[in-house]
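Listed next: structures, encoded as structure tokens.
One chain, chain A, appears in both complexes that follow, with chain B as partner in the first and chain C in the second.
Up next, the complex of A and B:
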């Protein structure tokens, strides 16, 4: 036991000054009695003179005064201490004050030896009385890095869908095996760069950089010559040194608070991407401290449309932090070993190479998706599928699990089509030895806005998604991105509340992880603030505390919609199989039409070619 | 020779928040340093926030020059801008950690969290007097609604102002009452009965009997000596409430002639709360023919007045307001029998001279 000290029972006087609310002192009183101390619990609302008289006559060693700070209350609390001092009894006792709004500074000002504010565990007060150090294991969690895959088997529960996916993914993987692109080649060069660097082959690295730059957009290549990149600046040597010093000083002091209550799921991710890797570390530290288990890197979408990844440690003047090896190294230095760190690779021309960087820089997971990136983020479908398969292979070689997100739902693509795409990619991943994580959205999507599935509640349709996926296969499920998307408003209380409720729904459904936003993320007109991150982490924590092992119960509509969804997925997959090509299905709108809001991208079109033998 | 020289101990107490206590303290420090005196500064509370916790308005901070000694909680050392070298740890705990005594190496703002009870202030003063180059003047910053530890001070400066009461006349009358309480004369120590050191009330009767009561403080009817009719003197080492004094007067039928009441210090009468009622109780005793003395005198050196007050606006925000400073000062000087200063309007020179005279007296 920490701080095991031989102690004798103490005599303690407990004086509730509040005429009504003395529950805190009652709880402390009980704990003290159980520990073998002698206590005298006075009736509430005695005058300072009466309390001082009790102190003098009781022979106590400790006086615990309980009162919430309010109008005129500080004067009363100070008077009790002052009168005890003037009466000559103050020197014989330790006086402690506790209640709402009490802080040590206020306790010092009012004449007390210690002050305990709201949320103080009873055990902490008992430890003070007993003169031993206090360490609350519940407050300071010994964290271990969560394993999202866990015991999931990837076994299919729906044989029809299993068969369809097997054939579709087989076709894609086979076709991609004979194709390449600048993205694929850069990924392989990047990997050889790291290998050459590790073996000290400087001339080899230089030669590889030359080859690499030839495959890049000019603006990207220029960064390898030391030329500046628009909208960015180099992080200075002094800034890096300051970050290193900060991490060294703060690291040992980090004491993350648990966000869950009695459960080990869902794992909670936040999303960061301030533009500056140093500010990112600050946000990550705040989020970790308030309970986030994982952090997701958000990069700017314009960079994903460039061939090649920039070089250097670069601060970006707008939202999103550039993915460069240098930036990832800086950020990684500030992430706790027990925190899951995701570097996303899912939408642009650098998908495969991003996975290489994620693997080399120590990320825990990545994100790979071919449908959203090609139907909603502007990348050519053929290019993104080829790069995506390479990305999966790279992820497998680095042992990186990855989620497959369905963000095209936000464009208007119905869930059954988005899920069909997700399952195709997941099937490819399984075929190649990967560990995919399914990421349905908990969102107020255009589909439900039009069709009305969320007119009554946000529970049933989101629950139906999870039920449908579970009826198809046993795979980890990580709703995103973030949950509650399009239910948030500018009101921070409302935004925190909806995030918390969606989190509780996710917990009730037993999913493996969730991504949450900050309270100002959905509607921020400017930078996302660290305070707003705390808003939602606190709200989620409170929600988990509220429910504990209890749960949110969907109505029967959820089951009906789950069956509909599974049938819808089957129908889409059958169309994809008939088409005979996943890439063709993307172009033809089988996985999302223009009417749905899906538009095959053009970035990287025509860059795929047959691979040399 | 060889005994510890304590130097003068001066308390700076405020009658309410925002009455100019910190401004007065800073002014006294400046004046004292200009006269080449060594200073130790501490607080019986916590002084350091730059925003008032209630009003949200900015507050002055304590500024210490190089060479000033500071006694504060170790955890507060890094909270100010002054660089402080720790000299000694007097073994006193506070709500903000262990206390240290240090010397300012480079001047700046300091956060003070000092000994917040009399016994700890006593230990601090003892520890401080043993340091080489002990202070000529120890400044004790006061705390909200508390006065008891100031019984160890040689003198007090009382900071009051519109934040206490925006009515200049009412403020002046209250301050006059406080001054009256601090004017309680010192007890010259006649009679062996009062030589008993102890923490109990001692009642002396006409026949020479001395009776120890079971308590050290007179706070209510049960603390009044039984044979009050024969009472010639009562020694009250602990707290005295104004109500108890009134009870004593009425128990003697309004005639306390021949009765001497010796309290520990004027601060023991003020610790019961309202200074106005303390002054009225004193007047009642004197009007009934009784006499009140203090075992330990705490002289009221001066009063400072601050015309500022925070006005609460509809909606809950506060704004800075000021009463007429000249009218306030005039009203205070009319009613109060002690030097009254507005250190912002008139400067600190006169106050500095008073403090220096106190320091000079203590070094004789």
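Up next, the complex of A and C:
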């Protein structure tokens, strides 16, 4: 029949050369039978002489010899091949060898037609027998970009908290409506720059740059005149061309193998920010190839404290890759269409503008949280709230969902206060039409170190956080960042293991996404290596494979802590409402005191002014 | 092109050193890495117990912002 491929069934002898290990051959035998071949599977522990006698009498076309044990492998394989030769059967049959002890080069040396080592898919051996090329497509899946919001409704389950949040977020959004800042103005100018550039209005762009630079720190403004930026160097034209060629060459070879095992959640993010956009692309390629679904851009904290965003394609000497339009364009060119790409805008003086760059450069997500940025990252609360509300509005207009991170927990702020802040920001976002994602930390935080919630295990308190949030509202949840923070050591096995276990806990709890670290998380002596990314992704994949649909069961303490947490959040929100001002609550310590480890930042203080509406 | 040009960023050397102190293990592994022609190595992880130390040392071949040997090969 035209277009139909047929083959004559082969006669195949399968001979285990080990005393007991013949599982691999049994699997291959089953696959061959299913494909219509005639097979004879010999019992284990036959001598080479007995095997060769079976080959001679069976009239087979193929012999598949299996060998798992490593000792004496060369001698015994050579013995089988020599005896087959002496018996005159070698030229009549194709001899294949496979198993844990086999390497293709050993097989060739011993005179076998083919050798298949550890990890060879059964299908590859079957394809060889049938004389057709093997494609590993079955191991990869066609990826589509995950939708983190999914079917979440943002409906509240806790009416008391819903009421409090409604009133608090209403106050903030209304107050911010009459205020502006250099960050807000730059974001709007930046947006107009993109629009002018798209319409080919070069003089318009030049005029906008002039206005923009007037609102920048002098060191930032200088980069628009082509002057060099400290600790950075400009990526050259030749390097950009080489990167483009590299991306084109590597692209077809990226065939991501899913990390998850039969589930579509949690979506797995890694964090990058090597300092150089070219190295970032290389790390993203590694992460994608080993199955990461998303990548999060890390920028240096010092840049977030400067007014304005640098210009150009810049490689930075230290950790963290500068957010510039040029850098984001370079990085975007190396990110797969199916990969979620997050550009964070959560903590500094360029929050709103970062969202504009993220939206214009094709990011899938951003990150906004005024409470963390002002209590744990050095930005003045009033300034960051005004800029943050503008950032939310920009995110809404670009259709960018964003997570609301609670990293102030790492400073020592108790979870109920950090969560109250997170819910206030999420409520503002919902009010403005945004799509917030809740980001509780799965971490060994100062709070639990002091209060002892993780003295026995890392499961219950993390589970309690998720249960508490679910008792409050139906929103996407993305634990981070990274999960297992402060449980990692410099040992790559331990670091990968703790990440894998936290990933499995997240999977058991049915969250939407996770951010994972690399095995280098706790190493402070140098940048994260690509190998460390692979180690962790492999560990997470193994964890997901281990649990499948099974799950980790928290103890009853988790439920009790979830109730406590929800009550604690309610109490904090009541205090914020009584204060009558979210900004005031941030300054006054209601959402984290100095004793907790929260310090209202000073960067950008005094720069907010009334808008001329 | 040298083989190290193709190393994306770092080379890790992992082993178990027979020794009596962590300091000794550190000295030996750094000497070992230097002997391989890799400069500026650092010990990423070390754990001493009983007969010796489990150790991992690292030398960076390409750091962010370098001219990468693997780019444009």
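We take it that the second predicted complex is superposed on the first by the 572 of 613 C-alpha atoms of A that agree within 3 Å, B and C clash if a C-alpha of one lies under 4 Å from a C-alpha of the other, contacts with A are read in each partner's own complex, and residues count from 1 in each chain.
As a convention for this text, contacts are C-beta pairs under 8 Å (C-beta built on N, C-alpha and C of every residue); 3 or more make two chains touch, one makes a residue touch a chain.
Predicted model, so just to flag it, every value in this text is computed and none were measured.
In the superposition on chain A, contact of A:274 is made with chain C only, not with chain B. When the shared chain is aligned, chain B comes close enough to touch A:81, but chain C does not. When the shared chain is aligned, chain C comes close enough to touch A:245, but chain B does not.
Shared-chain residue A:90: touches chain B; no touch with chain C.
Touch criterion not met for A:177: it reaches neither chain B nor chain C. Looking at the shared chain after the overlay, A:584 reaches neither chain B nor chain C.
Once chain A of one complex is fitted onto chain A of the other, the partner contacts of A:109 are limited to chain B, with no touch recorded for chain C.
Legend: residue contacts after superposition of the two complexes on their common chain; A:527 is shown touching chain C, with no touch to chain B. Across the complex, chain A meets chain C through its residues 232-233, 238-239, 241-243, 245-246, 274-276, 278-279, 282, 286, 315-317, 321, 489-492, 520, 523, 525-527, 529-531. Against chain A, in their complex, chain C makes its touches with residues 8-10, 12, 42, 44-45, 47, 56, 58, 60, 62-65, 67-68, 70-72. On chain A, the positions that touch chain B within their shared complex are 48-49, 52-53, 56, 74-75, 78-79, 81-83, 85-91, 104-115. Against chain A, the residues of chain B that register as touching in their complex are 44-46, 48-49, 53, 73, 93-96, 113, 116-119, 143-149, 151, 199, 215-217, 219-220, 237-239, 241, 264, 267-268, 271-273.
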